[in-house]
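Multiple structures follow.
What follows is a pair of complexes built around subunit A, which joins subunit B in one and subunit C in the other.
And then the complex of A and B:
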């Protein structure tokens, strides 16, 4: 499976989906106007990745400084895919990174963690 | 136009920044990033700046998506005329983000119901309601999750203020003010 790398823009994060390292990485800000269109290829890649038979240990690293409400829904849908993959026997750890001064990022991470109890969801202060 | 009167109005209202014109994603992000840098240089706290940035973004994207006067730019990108201001209310001792746009009168009642419902909620209720709506995806559409006003309400320090003025059969004027 080919890796997918997308450079950051002013309002979309850097995205690095690496099928060799089993690392899905997002960093930066996320506030596009057409969030679901923007993330469509990313969601498609991740769905395909977890549909492969290979059993592996995947780390999903979310280092998002700021995201708008539509990105919040998009991340929810992403974690939903991860939860389903986990139920199908995939081993997944989510690292939710936040700055000590960024209370919003911490609160958002706590809310996702609560929503996805069966996911191994770690809140990590940078 | 009397610019002196305009300037006096801005000063009286405590307005730091004002914009009236076409709002698109590029304009929104340029303004938001500039505001962020400006506020940082004046020593405003990280969280407060982030909340101003967030509310500003949600308001601008609401105008782009929901204004009755929006124009399609292709690829699900829109631009719309709107007005937005950021200021500091010296009496209330809070920053505020306020904006206005033209909407269709058919949207008036559902919008009032939606806003009144969240204005009546406390912070804990808002956080829970946000999670419920996000999970259900009930208000999700092609350009958003229908969570923008809730995001603003979660971040606001005082109850959200809004007004809808009926202009004619096809146009109502919507304005909103959020204190941070």
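And then the complex of A and C:
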């Protein structure tokens, strides 16, 4: 399937969804004007990616330094998709990157990790 | 009649009867979602509070910094003026008085508070060009000969040259003041011999303020003039040396002007009052 790359803007993160490298990468800030519209194609791409029959080892890299509550909701939705894929036998590792000084990013990462016990969720200090 | 709530209950009951398994799955999902929303909201509240606290802190910092910048600018500008004056053995109070008179005249001539305050800060720099004039000329006890006077006159242009390169509005204003404070309304001044309104209002105001203060102060080579003698000169120079409108405004506001003079009186036989240790 086609890779999807979205450049960062002032309000949205850089997103790189790479089906060859099996790498889903998010970095930057996330407080779009319309969060659901912004993430709709991304969620769609990821759902399609995991619906493919191929078994692969996927790394999801989240390097989000700031996000609003709707983005938080969307990340929950995203992790739901990952969890489901995991249950269908996909191998997935989530790398949650945070800056030592960014307490909020760490807290959010801890929260997601706790909520998605079945996911291989690693908190990594940058 | 059934209420709309009854309808909902009926619907729910039908759903439960029809497919309990699906209903439970959906219920679980909804409950999970509710809990998530709640957590997101709590997180967001906590973060919002933090962010707002930080914002307020930063705002206070910015305010303090702005004040610091303003005060620094005022001090630097005032010190520059005092340096110019100190070479010619003026006191720091001279520039303070000139500053005060200039603001009074600026407001009286219709400038707004911001511009008048700026002129108050810029006018003390009128003689900054004097830093380049040799001591022998600057502090010569007697009258300057023609050649020395020509040299002395250069301080207007030199001050302008020193200040004109700045992009700061305040220093631009100070450049104008330095350049034009020796111009005379009838065109007989220097360095350019500008006439009337061709002399910038900043220059015309500073000229009156500076001369009034110079005449009223004791200097090495002369005693201070009596007020009446100064006033007489101002009346006779109305439209000659000075802008006639400004001379009228000067007399209209003479009480305020004299208050400034009293507030920054030179005190001799005591340590210098300038406070700038120059």
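Criterion: the second predicted complex is superposed on the first by the 126 of 126 C-alpha atoms of A that agree within 3 Å, B and C clash if a C-alpha of one lies under 4 Å from a C-alpha of the other, contacts with A are read in each partner's own complex, and residues count from 1 in each chain.
As a working rule, contacts are C-beta pairs under 8 Å (C-beta built on N, C-alpha and C of every residue); 3 or more make two chains touch, one makes a residue touch a chain.
The structure displayed is predicted, hence computed values, not measured ones.
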Partner chain in contact with A:10 - subunit B first, subunit C second, else both or neither: first
First (subunit B), second (subunit C), both or neither touched by A:108: second
Contacts of A:35 with subunit B and subunit C, given as first, second, both or neither: first
Partner touching more residues of subunit A, whether subunit B or subunit C: B
Subunit B versus subunit C as contact partner of A:69, first or second or both or neither: both
Contacts of A:57 with subunit B and subunit C, given as first, second, both or neither: neither
Touched partner set for A:117, first subunit B, second subunit C, both or neither: neither
Subunit B/subunit C common contact set on subunit A: 68-69, 72-73, 76, 104, 111, 115
Subunit B to subunit A touching residues, read off their complex: 25, 28-30, 33, 46-47, 50-51, 53-54, 57-58, 61, 64-65, 75-78, 127, 130-131, 134-135, 137, 140, 142-145, 147-148, 150-151
Subunit C residues touching subunit A - in the complex, by the definition given at the top: 36-37, 39-41, 43-44, 47, 50
Subunit A residues touching subunit B - in the complex, by the definition given at the top: 10-11, 31-37, 66, 68-70, 72-74, 76-77, 99, 101-104, 111, 114-115
Subunit C-touching residues of subunit A, taken from the complex the two chains share: 68-69, 72-73, 76, 104, 107-108, 111, 115
